[in-house]
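Both of the next two complexes hold chain A, though its partner changes from chain B to chain C.
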Partner chain A sequence: MPGPRPRSIRRYRSLYLLFLPVALYFILFSYYPFAKGIAMSFQGNRLIGPKPFVGLANYREVLADPDFLRAVLNTLVIGLSDLVLYFALSLFLALCIAELGSRLARRAVQTFAYLPYLFSWSVIAGVWILVFDQRGIVNAIGGLLGAEPTFFLAEPGLARPLIIGMGVWRSVGYFALLFTVAITDIDPVLYEAARIDGASRLRQIASVTLPSLRPTMKVVILLLVMGVLTHFDEMFVMQNPANRTRIATLLVYVFDMGIVKFKTGFATAGATVVMAGTLILAGLARKALRYDEA
Partner chain B sequence: MKRFVAIALALALAAGAASFAAPKQVRVLASVTGGKNDEENKLFEQALRKATGLEVVWERVPANYDQVLMQKLGAGERYDLVYMNQFQMYSLAEQGAIQDLGARIKRSAVYQKNVPQAELDKIALDGRYYAGFNKQEVFPLVNANKALTDKMGIDLGKLATLEDYYQMLKKAKAYMEAAGRKPYYPFFAYMTDIWDLQPWFSSAGLRRGVFVGAGGKRYAPYVDPKAKPVWEWLAKLYAEGLMDPESFTKKTGDMRNKMWQSQDILLDSDWAAWTGLYNNNARTAGTYPDKVNVVGLPGVKGPEGTYLIEQGQASLFAIPANAANPDGGFALLEFLATPEGGLLLTAGIEGYDYTREGGKIAYTEVGKAHAKDHGAPLPISSAFDMAQLGPMNPGFLESLAVGKRKDVSVAPMGFANGKLDARQYYDIMSKWMTDCIMGKLPAEAAIKGAADELRAKKIID
Partner chain C sequence: MRPDRLPLAARALVWAVALLAILVMGLPMANVLAVSLSSPGSSESPGLVLFPAEPSLEGYAFVWGTIDLWRPFLNTLYVSAAGTVLHAILAALGGYVLAQPELPGRKALTSFVLLTMTIPAELTLVSIYAVNKQFHLVNRYAGLILNGAASGFSILLMRGYFSAIPRSLSEAARIDGCPEPGIFWRIFLRLAKPGLATVATLELIRRWNNIAMTVTLVSDMAKTTLPVVLRWLLFEMSTASGAAYVYANAKMAAVVISALPLVALYAFAQRFFVAGALAGSVKG
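Take a look at the complex of A and B:
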């Protein structure tokens, strides 16, 4: 695609001037730190003063660290599970909401499902602890039924399912909202034509709703793919000695290296790997989805 | 033109003279030390200026301090004094990010007069000092709610062995559950960072951390075979419902609430200052001393006849390598080590937190709310007179006195001569100890697992 010609730049200079602050903002607060971070990943661990160039030493160190490799595994298990569950459950929820006859009921369910997304991860963790704690709601109900209490929060085998469940509870409403908006945009004439052709409700969903949602699905999948490697907050607030090794993700590793240990070279190398991984995943997803095709 | 040059020269000279006369600015980045809010922080700066003649800018970051510290130093912001803990000091000193203060400290009459050499020795790295003190570090010790144990007929003074504590906890559980509080878990051990299990490992004569032995070999006493009975004892407490399962998931704040607010536990390990704070909180709530009367105990005596208690890692101020005014920074550091500095860091600001009545300190309502703590509940100056602060919280001084007993040894954890990766050590130890205590692994296997992992991560040899 040819770039703007000098004449058109002159012609639309007021628009370019309007764009300038935004461009400056991104250069200063996104691209510069981004480039600086990559540069630091090739430098020694020094917080102040000149940082010696160390080539790929930080990457070699990080990629050989068993904690990093464990963090990769945790991230992929949690991130990919989230991707599948967020997508499938939010789509299912949106379809269910669309089927509700009453507008009031639709809005109520939609709001109720969306509400957790407004809470911070700390609040979500607080709710989760209240539910799954040793003296939490689940154990209280289990106790009434004669069951022995289960220590959900300190059970390593349950650590990942609990974290994934937390994310699902918080985020499904948000993605369902995106699908719901897209469903309301579908031309009613398509449903009417399907009805005239004798299509059942399920058939209408399969032949009209789902194909019409394809562009939204692509956006949602791409957003979810871009989030696969960037889980942090939920692990950070829920980690304890019993579950830490099962849920410490790549960004938790980066946080520990950079903030706790001041090893900025290792931390930025780890962060660059996350970024590169995200770019690769997003690129693959775009290709698989044929994202740019209608 | 000549006239213009003359005026410009005169103005430049005047500006130069003004900057020479004005006190040079000292920029400080601190965590909790300072005024409790913006208003008091301004007064805190003024008090420092009055005392030192330095134009102090005191930036207080009470939340997410580590993150802010890393970001500010990494971004090249210049400070003359920066608060940090001992581990951070080691990391930053190794990177050359903070200045060697050895020569200044050796020259300092204030430090010689006020700071015990033993305290300085504890923060030395390869024989050098990279920081000065914010306060005198105290220690955690066993805290027990005597109001409850008295009712149960338990004599806390007779608890000497792990078995004694086990029997005491069994009795407490039975008593409380008979009173209708079922299930009752009387003991809480905060398992994150395996903090603070030292009073129990004292029974085997072992200390937390990594030490460097003869020939430079690094070893971790908690994974020594001698530690096995302590690991087993903790596992037994958990198995028999004597140890609160929330020890693995809750924070110290929750532990403290369980101790004084709900009395869900009656035995834990906490800072000496918290003995007093438990009681003071209970007094405010009207439950002291009938329901809550916490006392500090030294724990369990070791084979050598000594109680091993762990001193908290030092809270320090260092001068960054890029400081604009390191002399000012050190002058301020010296002031914090004087009795006058100690008074500011405890009682607060005269005229705001307290007034003088007949030479004695009389706290204002604000001062009472600030509880004699503006960053240093116990100042580093050995010349500081604690008595001038007036009555302390009940039990605090008694807990402090435990550390001065002849049969009690108070020392910091093993930092492997400043080379310990504490985060990894804590993570590895808490993981294996949790597996052992929760009954997933026998003690021997857990100790071996921890030792193997510490060795694999090159934390021990």
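Take a look at the complex of A and C:
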């Protein structure tokens, strides 16, 4: 039986009171900016003071802006490459780590691979400009193989692969960790049964390990899909006048329009388009993965 | 041969991949560390440097003393620490309330929290700027601390930890006349400490490395954080007219100073890092 009634009412009141700061935070810093962003996208480009209502003019202008269309292309090329490479390489690395016979080796690989995930994109950029410098490691190794030294960072054609490479270097260990833990959680009885059926180790990987990883794969893919349109930091850090047109993604475009050039109506219209795109992509991915079923 | 061993070729591949992973991850880090500890002249010598040819701390002295990297370092420390404490408190409060099974309106409150997770903050940077301008939080530490003070993810994580605590414990305390805040503080918070540590660790990493929110809210170089100053040092300082040439040893010293605190923390609190990584991958 629950306690006497007045007491439980008092109890609920104190619980609502405990929730108040959280509710206030979300209303002021989450819901309000969201609503304001949508409102601003239908208004003229002014940050403060009365703004005229302009209907869909901002949307029409954004969707016709060649810079916006280029940003869409950059976002899709970089975002989808990241998605495929993060997923495939981290899964492959985790499968390899699981097959290492030595516990020490497993831990060493896992730790080294995970470390870059703790670095800010500026730190990764610092590593990159050293390693890909004209006098850096990559050119030194290339030289041993007889390649001409290349100034990677100044080649506009290499801007996208370099950015994608940064992401892979930073993130593969993190996603591999998710897979590795899932592999450790697989019930050994399954392997035992496969062994009794005479399955080789390769066969066991194909018919026990991989099927058992399906839930983790779904989560990782969904996380990656949600991220496709929201890449910002790495481009912001690496951008310069020479590579901008190839790596400026949608969010860099929005930031540039809104925060740098103060064309707020324009920028929030762009942001709203990206938001809608993200929701649609995530919805499609959930459907394709049958995420909500099993 | 045991039937459950990989064929020799596959085993060779597995070890080759392991070795390659360690080299690809480890060599650049060793390279950065070695160059940061070199003298200015020797730091620009070509090739793979794994040990400083002329060991020197000049790079560290230059970025810390001459470029005043201590300022963004302390800014980052202050904003990250204060923000993380606030974030952990709100995560505990929100998670505790949502974990009360018979609370009227619990479902509505949960949806209210869940809904905030569908729109990443990066997508609303422009309106976040406008709103913070309105609240007079632009170019102030308070702005960096307050934005991100709560997240649906952390609240749900704490709710999970609180829900796992047996209800008989709180019922017993309630019968003994323990007041509600005491039950929250002495029973729930104490038992959910690993959860709180996980939330705090994740938030600290996020805040220490944050770039998007910082460049949106702060344009004043004296108040900004390490990643922003590091970017300027790496790419823009040398090209700024009248500025001194920045040698590779100084650039890499700044990289090491930016990365080291989290790496050191990782060495001590590895299990919370792993728990945090996994919390993000629980299917929900």
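The criterion applied here is as follows: the second predicted complex is superposed on the first by the 259 of 294 C-alpha atoms of A that agree within 3 Å, B and C clash if a C-alpha of one lies under 4 Å from a C-alpha of the other, contacts with A are read in each partner's own complex, and residues count from 1 in each chain.
Methods note: a contact is a pair of C-beta atoms (placed from the backbone, for glycine too) under 8 Å apart; a residue touches a chain by one contact, two chains touch by 3 or more.
Because the structure is a prediction, the values reported are computed rather than measured.
Student: Mind checking chain B and chain C on superposed chain A, clash or fit?
Tutor: With chain A aligned, chain B runs into chain C, so clash.
Student: Which partner does A:219 contact after superposing on A: first (chain B), second (chain C), both, neither?
Tutor: second
Student: In the superposed arrangement, which partner chain does A:108 touch: chain B (first), chain C (second), both, or neither?
Tutor: second
Student: Would you check which partner chain A:53 touches, where first means chain B only, second means chain C only, and both and neither mean what they say?
Tutor: Once the two structures are laid over each other on A, A:53 reaches no partner at all.
Student: I'd like to know which partner A:240 touches here: chain B for first, chain C for second, both or neither.
Tutor: both
Student: Give one of first, second, both or neither to describe whether A:279 is in contact with chain B, with chain C, with both, or with none.
Tutor: The answer is second: A:279 touches chain C but not chain B.
Student: Could you say whether A:259 touches chain B, chain C, both of them, or neither, answering first, second, both or neither?
Tutor: both
Student: Of chain B and chain C, which one touches more residues of chain A?
Tutor: Touching more of chain A: C.
Student: Applying the stated clash rule to the superposed structures, which of 6-14, 42-50 or 60-68 from chain B runs into chain C?
Tutor: Clashing stretch: 60-68.
Student: What is the shared patch of chain A, the residues that chain B and chain C both contact?
Tutor: Residues common to the chain A contacts of chain C and of chain B are 47-48, 129, 133, 135, 240, 258-259, 264, listed in rising order.
Student: Report the residues of chain A in contact with chain B in the complex, numbered from low to high.
Tutor: Interface residues on the chain A side: 45-49, 66-67, 129, 133-135, 151, 153-154, 240-242, 244-245, 256, 258-264.
Student: Sort out for me which residues of chain A touch chain C in the complex.
Tutor: My answer: residues 2-3, 11-12, 14-16, 18-19, 21-23, 25-26, 28-34, 36-37, 40, 47-48, 92-93, 96-97, 99-100, 105, 108-109, 112-116, 118-123, 125-127, 129-131, 133, 135-137, 139-141, 169, 173-174, 177-178, 181, 191, 195, 198, 200-202, 204, 215-216, 218-220, 223, 226, 230, 232-233, 236-237, 240, 251, 254-255, 257-259, 264, 267-268, 271, 274-275, 278-279, 291.
Student: Which stretch or stretches of chain C touch chain A in the complex?
Tutor: Answer in residue numbers: 3-7, 10-11, 13-15, 17-18, 21-22, 24-29, 31-32, 35, 44-48, 90, 93-94, 96-97, 100, 102-104, 109, 112-113, 116, 118-120, 122-131, 133, 135, 146-147, 149-150, 155, 174, 180-181, 184, 205, 208-212, 215-216, 226-228, 230-231, 234-235, 248, 251-252, 254-255, 258-259, 262-263, 266, 273-274, 277-278, 280-283.
Student: Using the touch definition from the top, list the residues of chain B that touch chain A in their complex.
Tutor: Residues 66-67, 70, 73-74, 76, 88, 91-92, 95-97, 191-192, 194, 245-246, 248-249, 320-322, 421, 423-424, 427, 430-431, 433-435, 438, 456-457.
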